[in-house]
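Here you go, one structure.
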């Protein structure tokens, strides 16, 4: 490695743990062009932020993100706070000349996302890089799916089905968290997990969604307020609050090629824990990726002899699969957090190589526009709405 | 058995073979209240109809369906012709005092289906029975799924996903058959297979679809005309014709309980051969039925301890599963055509017991109204449309 | 069809039902060279045999098998009695000039099987055909597996794993049936289901087992005697009897190519209902057949590019798959009893074509020798024992 | 944490990478009672060991393991060298008063393993801990399987099937590595992967194997010598060498309860990449663990109503599953190397709590005795051989 990359992370919840693991582990397995230094983590509360620094291995902690991004000894700002704060922090960081990695969704509104994208464009002109964290693109099986499509192995895309299903809100007494508050989260299942389905479907197919027709809906209107946070959820307090985001979203999108894609996002699908599944069907083949079996890819080669047609289960653990070479021997599985190491690899490579990393803020803005179009369609009796890119 | 039931079958294509197998095999395994007699098969062409009679074991053949339904020695008229002829034959048969079993879809239009339903109601008053052939209800795993829902094992239904996916039209040079001609088939994937998805989702949940928003679309506009029929397809002639039906249909339905259901019907989904899948998610559990593994049911009991939650694969081959007792020992599989024996059992039981068989013509009309509403929604920019029951 | 084939069936239990279904259904779907006539069924008890004749569609019933095989109007004797009676009936039938189809296992001992094979050889010289009923060879996916091996698609066979697992004897209070009585059944899991695993592994690989090392064992020594038969089991009487057959059998076999094959037969494997599974691994590929998903075959082509390797799930329901052409369209499943129609096709074809049907009595004798060798090895501290073909 | 635990690792191949990851990551997720310090890594070659230290994050490197274990600033010796060196290093380290973690197999021979176990017993008396690295015990689904058995959820164990299948030696031109050299590796598939199958089957069932009957065999006698190492394999040189270990091992074991267990280890099973699968069948249930889907456990509760019986797929990612609480939310997968963090947790907990960690050297010796008994049985015509514990 020819130099270091000093990182400041803003926020330290679930995503902070995942990002920390990425910064720590990536340099052990990949020959990064720049050596990440876990410089400082920043949060609102002094004690908990200091504890997070100790736990996740950051050299320092701070409670002032503006101070953090002003530091000379910080090269990268890694934003893992709730979506309502992304715009302010990211724009300030870019203007301060820091490379920015921002968790998804890029923002809670199209307007914020546009401002961020503008800021990224201005920064880009000065050699400053910005990337949004749709990490599932970097699960090797998903990356490999994209390359199969790009190589023409499934022919022209004819239909897509993408769904992201969870069930952790099934219990109507599960408490309100910031993820159920529109002011903090922007939207519910739609933005939290539907955003992943949109990004992954577009990433794998190499296409974009031009218009949508859909519906979003809240199934449980009122919940206990959050007592103490535990993991993604927590304990219930005696008071109740109003759920202001959607619980489920169903929509159909028109891809730029004209093909139709069907989407579903729900945190109400009993028995599905983290079921992000994308199926792509084309004129010469088909494939399916499922995050609950993230080391596998189903691939169907329609050009095989009729008697030998079938979906094959590829274990995406070979040396020549994306990102796999430095990890373990064939058949040794990767887990959820490995994508964060791959993200560090790609981001540091882009910074060192002076290239534009993907997914860019413009990519994140586009996803935000799709989500916004879904909400507008839902409000308009499910009429088709342009995503207005 | 206390008497016989003399059957006339109108039509003798793929469905004629399946129905013949039902009439022949059912009395060997079930104690039917009436003994079916395969009296006469009726078709348009003399030679091919006579050949069908010999092949499928009908005592006689005829080319005049009016004459057939007028016969004194016919108790039941079993209609397996394309949908454009259902109304005329079924109404005439009911008026002639014959019990009628009519293949799905009930008709090619709501108007025809209404007329048929009216005729069935008039006949019912005279003790004449009418049933529509949504045979997949009688796959034991599907019937068992309905009983789990009815018994409250999955609680209140919160979400449904139903899809019927095939790929036999992927090849743009596959020839036009009557199934691609709106005049004969009414619609394309929507009526051919989407109808099954609608009926099965409603059957399993015990609910009906009140309104829909959706889109139907033709992917291949023009195809070679059909030369010689082979199975469901055939050889291509040199001339070409215009495809007048949809290839794919995506729609969302609102169930009478308020829950949303997502549907997809396609004969363009590469690698899916006969993939009718219905997933039902409720407050206490979930289940999934898949016709490509028709002897299995996936069931998730959300009331299990957290560490033991999981979809279980039930082999629906136990003595106490629906329809299973007279068949083979546990673990010995049933196939596609067994549903037609179960249909014969249920239909003859209804006739002998003077009860109303289900799915009734009214059920068939309702499905037709759902399909019609999907087409109307598609034409109205996917706005929500009432099914107008 | 150019003539008829008049069939007498001896026995009418579970296997009688399956064979009856084969004789009735096969001529409806296949163009048989000879038209089967279900002439007479023969049993021990007058009333139950007459009832079986009525139920399964045999023209007459009889309680004297010797009389039956002496009839001029009988061309084929189909033996579906317990194994202890096979030799006497089959030899007499062959000597009476009748073609014989005998259920597996061919006999309860090697000596009996040898006598039967000798009788079949003598009969063969006079144009009389004999076949043993290893019907699972005729499940299309199993037949297709054999053709893949024969075509070199998996290269040289290196390893085989075959298991037949059920759990219907798990309950120690499940009553004694003839299948638990050595005098009637010859052996337990070994002969009842292990025989199928042996035959199917040999059939798919095209190889034979030369020697074995293994162990057989009885897990439950004593059970209630059988009260009334119900299906494969029945009610328990108050008296108890001694189980005289094995419950489980584990053995390793050496194939004639030198490759090793691992076998397990058990009616004590909790949760496995009818799990006959054969995995074959070769230098260029691998495959796996599982009777609980009998319409599927798993196939692995090791010559694919490294990144695209994977077991594919072939739905064996295509027109060009073995036996499939006259059945239903692609994706419409077959069940357990379809193999019996295929057996009728192959047997009548052999008779009409004056060729030797397979599996022959010699094939059945070979399986018996393997089973016998397993028992001898078990008695000899699991030393390797030649099968002595 | 109340103190530190200074670790020296001897060896730095594939296993060294995995162990390093465990030492680095465990303290970030678990509240360890002692804080590991990655003090020194020791290898044969100066440059490569220094490179390993840098890559995997060890403070120092050394080429003299005797010097390393003599250091005052080393508390733990972690041995990840080939099996032929384990005994010498481990005994010396224990005698030097260091806690020892030794990769499996414990040794290449029973005699060595006995000496190591004696040394561990002597050290234990002085408060020094020794553990052997059968890490797959610490895959949460495997640990959970053991607890289900211990809790009686499957009743009395009646049958076990354990197999560890890979295919990376299928190619007869794959070069010789130390894993194919009996002097270095002790045995082939048997010790390399069969050892895992033995340990995991015993761990899950809570039983031990008393006697075995089996066969081991070499399928490819001669291979190119190794040029340059790459991952588990490498490039082929022009010279050839003799393979002195087994390629496949098939054996049956008798558990101390009397139940039989069937084993297979093979690096020749086409299409199986890292397929360690253990199935346990009991009087009240059954379960199956498969390393290729390591976040899942199949569980069958035989006490469910007959119509609801079925293997359920439990996603072992819940907060209350073993080891899961500090990792990610439900449905976020773990990978191969997480077991090494769990190993660090358990080992440091034992050291801090002055308890004996498992698997102990005695456990490792027992596995070695089973492997040895398999080889002796193979040499004795597969007769049954006591494991002589």
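By letter and in written order, the chains are A, B, C and D; residue numbering begins at 1 in each of them.
Please note the rule applied: a contact is a pair of C-beta atoms (placed from the backbone, for glycine too) under 8 Å apart; a residue touches a chain by one contact, two chains touch by 3 or more.
Here's who's who by UniProt: A, B, C, D = Putative dehydrogenase.
Just so we're clear, the structure is a prediction, and the values are computed from it rather than from any experiment.
K.L.:
From the centre of chain A (Putative dehydrogenase), which chain's CA centre is farthest?
P.N.:
Looking at centroid distances, C is the chain farthest away.
K.L.:
Weigh C-D against A-C on C-beta contact pairs and write down the one with more.
P.N.:
So, comparing the two chain pairs, more contacts are at C-D.
K.L.:
Could you work out how far the Cα centre of chain A (Putative dehydrogenase) sits from that of chain C (Putative dehydrogenase), in whole Å?
P.N.:
Distance between chain centres: 54 Å.
K.L.:
Roughly how far is chain A (Putative dehydrogenase) from chain D (Putative dehydrogenase), centre to centre by C-alpha average, rounded to an integer in Å?
P.N.:
Result: the chain centres lie 35 Å from each other.
K.L.:
Could you grab the centroid distance between chain C (Putative dehydrogenase) and chain D (Putative dehydrogenase)? Build each centroid from C-alpha atoms only and quote it in angstrom.
P.N.:
Between these chains, centre-to-centre, one finds 42 Å.
K.L.:
Touching two or more other chains, which residues of chain B (Putative dehydrogenase) qualify?
P.N.:
272, 300, 309-311, 315, 319
K.L.:
Where on chain D (Putative dehydrogenase) is chain A (Putative dehydrogenase) touching in the complex?
P.N.:
14, 18, 20-21, 24-25, 28, 55-57, 166, 168, 231-232, 272-275, 291-295, 315, 317, 319, 328-338
K.L.:
Taking the complex as given, what residues does chain B (Putative dehydrogenase) use to touch chain A (Putative dehydrogenase)?
P.N.:
On the chain B (Putative dehydrogenase) side, the touching residues are 154, 158-159, 161, 163, 167, 170, 213-215, 217, 219, 248, 250, 252, 260, 262, 264, 266, 268-272, 281-286, 300, 302, 309-311, 381-384.
K.L.:
Per the contact definition, I'd like the list of chain A (Putative dehydrogenase) residues that touch chain C (Putative dehydrogenase) in the complex.
P.N.:
It comes out as residues 144, 299-300, 306-316, 318-321.
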